[in-house]
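Down below are the structures I want you to see.
Next come two complexes, and both contain chain A; in the first it sits with chain B, in the second with chain C.
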Partner chain A sequence: MSRALLLLARAAAAAAFLAPIALLLSASFRENGEMYRHAAELGWRTFLPAAPTLDAYARVLELPLFARQLLNTVALGGFMATATTLTSLFAAYALARLPMRGRGGVFGLMLFTLFVPVDVVLPPLFFVVQDLGLIDDFSGLALPFVFSPIGVYLLRQAIQEVPRELDQACMLDGGGAWEVLRTAIVPNVRGALIACWLMHFVFVWEWYLWPLTAMRRDDGQLAQVAIAGLIDPLRSTDYALVFAAAVLAILPAFATFALLQRFLTASHATTGGK
Partner chain B sequence: MSDLILRGVSRSYAPGAPALAPFDLAVRSGELIVLVGPSGCGKSTLLKLIAGLEPADAGRIALGGRDITRAEPRDRRIAMVFQNYALYPHLSVAENLAYPLRRARVSRAEIAAKVSATAAQLRLEPYLDRRPAQLSGGQKQRVAMGRAMIREPDLFLLDEPLSNLDAALRAHVRAEIAELQRRLGVTMLYVTHDQVEAQTLADRVVVLRDGAVQQVGPPREVHARPANLFVASFLAVVPPNVAPGRIVDGTLDLGAMQVALDDLPDEMAAALAGRDEVYVAIRPEALSPAGPADPAVLCARARRREFVGRTQQVQLEARRLPDLPGRLERLTGRRDHETMLWIADDRSREDALRLACRPEELMLFDLDGAALGPHGGGLV
Partner chain C sequence: MSAIEHIGGRGAAAPARRLPAALRGWGPAALFLAPALILLGLFKLWPIAAAVDASTGVFSPGGVRVGDAGLANYADVLADERFRQGLWLSLFAALAKVPVQVALGLGAALVLQANSRASALARAAMVSPMFLGLPVTTFLFAYLFDLNVGVVNAVLAGMGLPRVAWLTDGTAAQLLVVGLSVWRDVGLTMLVFLAGLAAIPPQTAQAARLDGAGEWCVLRTITLPLLARSFQFAVVLGTLASFQMLAPVLMLTRGGPTGATDLASFQIYEAAFVYFDLGRASAMSLVLLLGLMAVIALEIRWLTVRWTYE
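After this line comes the complex of A and B, so read on.
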C-alpha cells in the first residue's frame, strides 16, 4: 500500500517536471494558427497538434544567428563548468584539508553569498566589468561567475570523505600539496567532480539577466536570450518558432546530461582499505 | 645508522588536556619497538609526530643523527604503514609500489628493478597488474609493506597494521612482519592495542596510558616486573587477580589468603615495611592446588568453569577486604575485580579450593598502583 503510494507520488513529481517539456515539444510541431484554437475545449487537441509539422524547425534554421548563439551557450557552458569545477576543487581542497585558522568562518561566509541574488549585485557588477573593458565580451560574461559556493560545498563534502591516511601516505611518499591533490584526492572524488561539472554546465542555460545586460552584440548573445528576443508583445509572435528554437536549445544540455549521468551514480570513493 | 631519539616530545589538542605528555625514548638502529595501550592513549599521535604529519608542541626528534623536528614529512626518510593500508585505489599494485620512487625521481630502469625485487620478496608478483580493490586484506597489507620498504627508509612506522585482518591471518602476517624486520635489519616502531602483538613482536615495548608512558622494556621483563597495576593488567593474556591487602601483626592479609611476612623474600618484606595497606596481584597461571606446607594459600569457591581444550578457566569466589570503591578500577583500567580466575588443567572438579601461590610470585603495589619490591621499579 505504502509502496504504491510512494510510486504514485514519484510519478506525480516526475510528471510535474516533464509536463512543461512535453507541452513545449508538442507546441513546436504545431502551426501558428492552431496554437490557441483548442485551448478552451480541453480535448486531446488541446495538448497534441492536429497535423504535426516541422515547418517551425525549418524557420529556426533560417534564423541567421541562431546556430552561432546556440554555440555561444554551449561554449559558455563548457567554459563555466570547467573553470568553476577547477576553482571549486582548489577552494574545497583548501577548506577541507589545509590547516588554517578561521577555515570554518571562510566557508560560512562563502555559503552566505548564496543568499545574495545576482539581480541585487547586477548594477555594480556591470560597472566593474565595464571598467575592465569586458562588456560585450565572452570573458566579461564568464569571469564574474567562475566561482561557485555550491561547487565548493559539494567538493568539500566529497574530499572530507576521502580517508586522510591517503593524503598522509602521499606526503610521506614524497608528495607536496599539489601532488596530494593529484594522487590522493582527485581520483577519489571523480564522481563529485563530474557532478559539479555537469551542474554548472546546465546552469548556463538558466542565465538570462546577466547576458542580457553585459552582451549587446547579437552574434555574441546566448541562445536563450535571443529566443526571448523573438517574443515581441507589440507584434504577433511566431510562437511555433519560439518553441522549436527552445527545443533545439535544450538539446545539447540534454545530450550532455544523458551521456554523463552514469558517472553520477558510480561515484563512491574507493580506498585501498576494507 | 638510523637510531631514533625523542626528547620531551609532547602534543595537546586542547589546552590542559595533553594527548601526549612529554615523552623520551631512544630507539637503537635495527630495533623493533612496540607502542601498546588502549585506544586514546596517544600512541597514534606519537607516530604522527614522528612522521611529521602533526607538529610537536615541544621537544626534539632526531633520526640517524639528523634533527627532524621541523622537517617536512617527505624529507624525514620515514615510511608508514597505515591501518587501512592507504593504497592509491586508482593505481595498480606495481604503480603503488613505484610511486615513492617516482616522486624521488629514480630512473625508470631502477624503478622496474626495485618493484620486481620487492614484489618477489613479498610474493606479490601475480598481482602486480591488479588494483587494490581486487586484493584480499592480507595482500593489501603486503602491498602497503612493500610501498614502505621500497625506498629503503631509515625508520618504519606501522599503525595497527593487523587490525583489519581476520584472526586466522593475523598471526601469519605478524610472523611475516617480524621476519621481514629481522632480515632487513630496519628500525621499526609498531603501534597496537593488542598486547599479544606487543609481547610476540617487540624487542622492547612501550606501554602508554592517557598520553603518558607507563613502562619501557623487553616484553618478558615488563610482564614479569610490571611497573604499576595498569601495566600488570594490560600486558597479560588473562589479567591478574588483584585484591586489597592489609598488614597486621607481621601478616599480609587478603581476606582469602594470609601470608606471614617472614615467608616472603627479604626484598618484598622490606618493601612492605611501614605500610599497612597495599594491593596484591596474583597471575591466574601462578596458582596451583595447595599442599599442607605451602605458606601462601588462597581459599576460594569455584563458581563457574570454562573449559578450553585441556585447560579450564575457573571463576573463583573469595573473601575480599573492603576497599575504596572505584580506586582499583581506575588504577588497573579494568572492571570485575570481584571475581578471581584460576587457569587449571581440566581434571580439577572440587568446589572448595585451596590454591597455593609461591610467595615470590605475589606482585605488590602501593595504593597509587606503583610496584613495590623486587618485581618492579627502576625499570622505566
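After this line comes the complex of A and C, so read on.
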C-alpha cells in the first residue's frame, strides 16, 4: 500500500516536471496553424504534432539577428564563467588562507550582497552603469555581475578542505602566496572550480531583466531576451517559432553541461594529508 | 601556522611594520581581494549609495537633478495607495510561495531520498527547470496557460470545465505567476533538504526505532527538528526568490489585470524606465529593500536552530 503510494508520488513528481518540457519540445516540431486548429478538442493532437516538421526551426534560422544574439549569450556565458571563477578564486584564497584583520567582516559584506536582488536595485544599478558610460555595451552587461558571493562561498569552502600541510610543503620550498595558490590549492580544488565555472556559465541563460534594460541595441541583445519579444500573451503568439528558438538557445548550455558534468566529482587529493 | 603567518610578511615585511594594526596582513591579501572588492564596491555598494542620494532629489524628466526633496520622496511613496498595495502584493507573493515551496520541497526530499533509479530520475526531473532559464520557463508557462492554444485549458475543457483566461483574470494571473515561481524553484528547495537529510547521522533515528517509535513519530520528533538549519536556509532562499518575480510579470501580465500583479518591483521599474522619475524610483527601491531585509531578519529569528546533531 505505502509502496504503491511512494511509487505514485515519484511518478507524479517526474511527470509534473518532465511533461511541460516534453510539450515544449513537441510544440517546436509543430506547425503553428495546426497547433491552434487542434487546441479546441482534447485528443492526442492537442499534445503531439500531427505531422512533425522542422518548419519552425527553419524560420528561426531566417530571423536576421538570431545567430548573432545566440552568439552573444554564449560569449557572455563564457566570459562571465571565466571572470567570476577567477575573481572568486583569488578572493576565496585570501579569505581562506591569508591572515589579516577584518577577514570575517569582508566575507560578511560579500555574503550580504546576496540579499540585494537585482529586481529591487535595477534602476540605481542602471544609472551607475550609465555614469560609467557602459550602457549598450558588452562590458556594461557583464561587469556588474562578475563578482559572485556564491562563487566566493563555494571556493572558500573547497579551499578550507585542502590540508594546510600542502601549503606548508610549498612554502618550505620557498614558494610565496602565489606559488601556494598555483601549486597547492588549484590542483586540489579543480572539482569546485569546474562546478563554479559551469554554474556561472549556465546562469547566463537566466538573465532577462538586466540585458532588457542595459542593452538596447538589437544586435547586442541576448537570444532569450530577443525571443521574449516574439511573445504577445494576449494575442495569438507564434509558439512553434518561440519554442524552436528557445530549444536552439538552450542547446549550448545543455551541451556544455553534459560535456563537463563528469568532471564535477570531488577531487580525492583533498583527503590526502589527513 | 607560523609558516603561514610567514607568507603574509614575505616581501611585504618592511612596509607592513609601519602600517596601523587594523591593516595587518593586508599586503598580499589586498592584491588577491582587489578584483572582487572593486567590483563589489562599484556594482553592489555604489548603486545603493546612489539610490540613497537620488532618493532625496527632484529630477527633471530628462534625469537631471534639479533640486532637493529632502525626505519628500519617501513621504510621497509611502502615502501612495498604489505603492502600498504593491508592497502588500510582494509580501503576499512571498507568503504564498514560500510555505508551498518548502512543503513540496521537503515532501519531495523525503520521498526521493532513497538511492534507487526511480528516485534519481524523479530528482533529476525536479531540478530540470533550472536548466531552462527563467525566460524560457516563462515562455513555457505562457504557452501551457494560453487561453486558446494552451494545454491546461484543453484539459479543463476536456473534463467539461470552463476555460480559464489565466492572464486576464486577477486571481488566475496571481496563481500563474506564483505557480511558475514555485515550479521553477522547488527543485532547489528539494536539494537543500536532501543535503540536510544526508547530514543527519542515522544513529538517533535507529535508537528511537529500537525504543518502538513508529516512522511518523521518528519524522516528527527527530528528523524535522534536526532539519532546522535546512528549513532556515530554504525559507530565506525562497523569500529572496519571491522578490524576483519581475521578469515573468514584465513578460506576461505587465502588472495587470487591473493591478492583480502590480508588484512593488514592477512599479519601481515603471517609475524609473517609463516615467523617468529617479527620485521616486530610488525611494521605492530602498523601501522595498528594507522591507525584504526586515522579512529575512524576522525569518532568521523565528527559525533559530535549537537542536543540532554535532
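The definition used in the following text is that the second predicted complex is superposed on the first by the 233 of 274 C-alpha atoms of A that agree within 3 Å, B and C clash if a C-alpha of one lies under 4 Å from a C-alpha of the other, contacts with A are read in each partner's own complex, and residues count from 1 in each chain.
Throughout what follows, contacts are C-beta pairs under 8 Å (C-beta built on N, C-alpha and C of every residue); 3 or more make two chains touch, one makes a residue touch a chain.
Treat the numbers as computed from the prediction; the structure is a model and nothing was measured.
Participant: With the two structures laid over each other on chain A, which partner does A:208 touch: chain B (first), chain C (second), both, or neither?
Facilitator: Once the two structures are laid over each other on A, A:208 reaches chain C alone.
Participant: Looking at the overlay, what does A:172 touch: chain B (first), chain C (second), both, or neither?
Facilitator: both
Participant: According to the stated criteria, A:128 is in contact with first (chain B), second (chain C), both, or neither; which is it?
Facilitator: Second partner only.
Participant: By the touch definition at the top of the document, which applies to A:227: first (chain B), second (chain C), both, or neither?
Facilitator: Second partner only.
Participant: Which partner does A:4 contact after superposing on A: first (chain B), second (chain C), both, neither?
Facilitator: In the superposition, A:4 touches no partner, neither chain B nor chain C.
Participant: If we overlay the two complexes on their shared chain A, which of chain B and chain C does A:239 touch? Say first, second, both or neither.
Facilitator: Touch partner of A:239: chain C, not chain B.
Participant: Report for A:51: first if it touches chain B alone, second if chain C alone, otherwise both or neither.
Facilitator: So A:51 meets neither chain B nor chain C here.
Participant: Any idea whether chain B or chain C touches more of chain A?
Facilitator: Residues of chain A touched, chain B against chain C: more for C.
Participant: Do chain B and chain C land on any of the same chain A residues, and which?
Facilitator: Looking at chain A, the two contact sets intersect at 168, 171-172, 176.
Participant: Show me the residue ranges of chain A that touch chain B in the complex, using the header's touch definition.
Facilitator: Contacts found on chain A: 163, 165-166, 168-176, 179, 183-184, 187-188, 269-274.
Participant: Can you list the residues on chain C that touch chain A in the complex?
Facilitator: 3-8, 10-11, 21-26, 28-29, 32-33, 35-37, 39-40, 42-44, 46-48, 50-51, 54, 63, 107-108, 111-112, 118-119, 121-122, 125-126, 128-136, 138-140, 142-144, 146, 148-151, 153-155, 157-158, 167-168, 183, 187, 240, 243-247, 250-253, 265, 268-269, 271-273, 278, 281-282, 285, 288-289, 292-293, 296
Participant: Could you pull out which chain B residues touch chain A in their complex?
Facilitator: 48, 51-53, 72-74, 76, 78-80, 82-90, 96, 99-100, 103-104, 132-133, 137, 140, 143-144, 147, 151, 164
Participant: Considering only the defined contacts, which chain A positions touch chain C in the complex?
Facilitator: Within the complex, chain A touches chain C at residues 6-7, 9-11, 13-14, 16-18, 20-21, 23-24, 27, 35-36, 39-42, 46-47, 86-88, 90-91, 93-95, 97-103, 106, 109-110, 113-129, 132, 143-147, 152, 164, 167-168, 171-172, 176-177, 180-181, 202, 205-209, 212-213, 224-225, 227-228, 231, 233-234, 236-237, 239, 242-243, 246, 249-250, 253-254, 257.
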